[in-house]
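Look for chain A in each of the two complexes below; its partner is chain B in the first and chain C in the second.
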Partner chain A sequence: MHQKDLAIEINDVPGSNGALIINFRGELSSLCISRISGTFDTIDYSTIKFVIADMSNVTLVSSAALGEFMGGRKRLVESGGDLVFASLQIDLRSKLNMMGANKIFRFYNDTRSAVNAFRWEYEKHHEHLHLSFPPFLKLVPPIRSLVSRVAKQKGYSNRDSFRIETIIDEVCNNAIEHGLEGANKSIDLKMTINPAQVEFTVTSVSDPEKMQALKAMIKSDEHDLSKLRSDEKRGRGLALIKMLSNELTVDCNESGTSVHVKKLREE
Partner chain B sequence: MESQIELLYEDIPGRSNARLIRFVGDLDATNVQSVLEKLNSLFSEGFTRLVADFRKLRYVNSAGLGILLYFTKTVREKGGSFKIANVCENVYEIIEIIGATSLLEIYDELNEAIAELN
Partner chain C sequence: MNIEFPYKIALSFPGDLEYIPSIRKFISEVLQVSNFSTKFAYRSEIIVDEISNNAVNYGCRDENASVNLECLIYEDHIEFDIRDQGGSKEHIDRLHSAIKAEPEDTISNKGLGIEIVRMLSESMDINIDDQNLTSVHIIRKREES
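So, the complex of A and B:
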């Protein structure tokens, strides 16, 4: 095995100053560890926080080469960053798993997923979800389930995801209950999520006949659950949303009702 | 696309007029009415001492809690009882926030709830 079998190319991540993609090609044998360590030496660790090792064209990683990656990762971790692997071939991934590398490094299916992880974790990149749906109660369970799954996928705990699911459920149910009926009317759900918080805005077309009741409910001390009789089947939704969220604003006018909820990540 | 909820009924050995109801799934606005009808129907059939097992109740919202509170009060007024056991952590938190822990009869374990039927 010769060193010439290895090619290394460093590329910026478009639009990001804190990340690099290093493309490795060939076999990372014990003969090429100086080139790997030399590559890590060229990194400016004061600005670069995230290195993605693109392994799509790598067929072998020796234990010595893996040691160099561990060294590179250590330097990044010490400055609050990380080194991850992307696009590992199946055989190589299995081999690295057997070597226990998966307990140290994160593996991503492709560089795009790795870049997204960087943007999410280090640039606090917001992700957006926008749904429009007709005001039918039966559509709420799959919607709340989707939102909960998104939160879980983004690293929110089961408990936080459950709370988010409950908030969405209650807000959407209220929108349907107090909005205009009909398949041609729609409810808009906009969700923005980042590692620290999730925000929702649910907008619906208000039913003029239900408008006064809705306004009265918002203005009243309905949030005080102690004033509800135990045999009252309804009226606890808004209070529940308020208790589960960190911020709740309801804007109700003739054109529509907009409910904005902010929920901070707790765990 | 309604939420799936199943109510599975079982006899409680040695307890007359009693039934164990295992809730499986999500209790929400899409199914509260049918659940309430099933509970009322069971009570009307003479099963006046009811124990609900919530071990597999994954989700409950304010509408679901509303009917549980309503049913508990109705049953009490008619001389019966409706006890709840094995509530999972997430569901218990919602019950707690709503302030319903003192209004519902909640037990940690099923056998505790059944013992209290006496």
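So, the complex of A and C:
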């Protein structure tokens, strides 16, 4: 009877070869474990690395059915993949948590988030964040926190996130210090992040009166903290960025200044 | 350099729910450093959360879709403008009816988010252009503490 209620449909993820979405509908009772295992048997594990179980229309998952999911996940993990749950109803998610399933499976709020996780982890998809803000020093702490939170959310360690935050703080403070003042002027921050590295480009309109000082600072060969004298007040920021990052380029011309920083993920 | 009003912050982020907690916290912190109260910042954070969730859930269909959020900050009020690529006709019709409906009509499971935004804002408008790009504009006045 329960078995009749169950419907299983396998769909490709548009634009991706290595992922599948399996839509389950109905009650996953102990009577239907053969259908679940049969579904996992049809998967080509040499090409499919990531399976998203869409549970939006599932009202019950028995422990026997959960065992079948664990079997399916094991086969995927052995070939370097994963099986995740998406769109679980709140009460069902609570029950699975009580069964400890959240220690084995990852849960996503919707299939879109699960697909994004696949693209991020397996296709090394780049994600972009773009921020434009006026040159006010008080805005720098919220900006550095935003970038740090995004890095942590994307799986970067606390240490990496803190280093990224420090870089952003220095670059933005420099852009404000050497740029034109006024609420109608803006500084652009472009962040590109993938599982291996994060890149930033901060562009600002330079103040002509501060251009010479800025160019002198950029041309200086002393972007090395160890070479800076203890009483030296200028150039520490760039030296710090250079020390914390893997690549630093500064392009300064009459129209504006653009600072590009690349930081590889360490942990 | 001290903050001068009005000023604008513009953000573009991937159409992914994972980004929303960081974005809402960012807006809250920006409002607090702009001398808005913690209560005002928290309530504005809720608005950002709701409109961003709607934009990602219903307005991001392509894999590379992004959401644009603009925040105009005045001394006595703030304005949010959120744009996405536009959802299906069904979703856009539902958004239209939720915004136009009387408050008591929208208190259902699906219209609750819009109703919370309406309660917390001075005004809320929706624009859909020829290419189906959807933008929601919200004005919220500074509250006396």
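Methods note: the second predicted complex is superposed on the first by the 253 of 267 C-alpha atoms of A that agree within 3 Å, B and C clash if a C-alpha of one lies under 4 Å from a C-alpha of the other, contacts with A are read in each partner's own complex, and residues count from 1 in each chain.
Keep this in mind: a residue touches a chain if its C-beta (ideal position, glycine included) is under 8 Å from a C-beta of that chain, and two chains touch if they have at least 3 such contacts.
This is a predicted model, so every value here is computed, not measured.
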item: Contacts of A:M99 with chain B and chain C, given as first, second, both or neither; value: neither
item: Which of chain B and chain C A:P141 touches, first, second, both or neither; value: both
item: Which of chain B and chain C A:G15 touches, first, second, both or neither; value: second
item: Which of chain B and chain C A:A64 touches, first, second, both or neither; value: neither
item: First, second, both or neither for A:E170, with chain B first and chain C second; value: first
item: Chain B versus chain C as contact partner of A:E181, first or second or both or neither; value: second
item: Which of chain B and chain C A:L244 touches, first, second, both or neither; value: first
item: Which superposed partner A:L31 touches (first chain B, second chain C, both, neither); value: neither
item: Touching both chain C and chain B, counted on chain A across the two superposed complexes; value: 137-139, 141-142
item: Partner chain A, residues of chain C touching it in the complex; value: 1-19, 21-23, 25-26, 29-30, 33-34, 56-57, 60, 63, 66
item: Residue numbers on chain A that touch chain B, as the complex places them; value: 137-142, 158-159, 162-163, 165-166, 169-170, 173, 225-226, 230-237, 239-240, 243-244
item: Contacting residues of chain B [partner chain A, same complex]; value: 1-3, 26, 28-30, 32, 59, 61-63, 65-67, 69-70, 72-74, 89-90, 93-94, 97-100, 103
item: In the complex with chain C, residue positions of chain A that touch it; value: 14-15, 109-110, 112-113, 115-116, 119, 127-139, 141-143, 145-146, 149-150, 153-154, 176, 181-183, 186
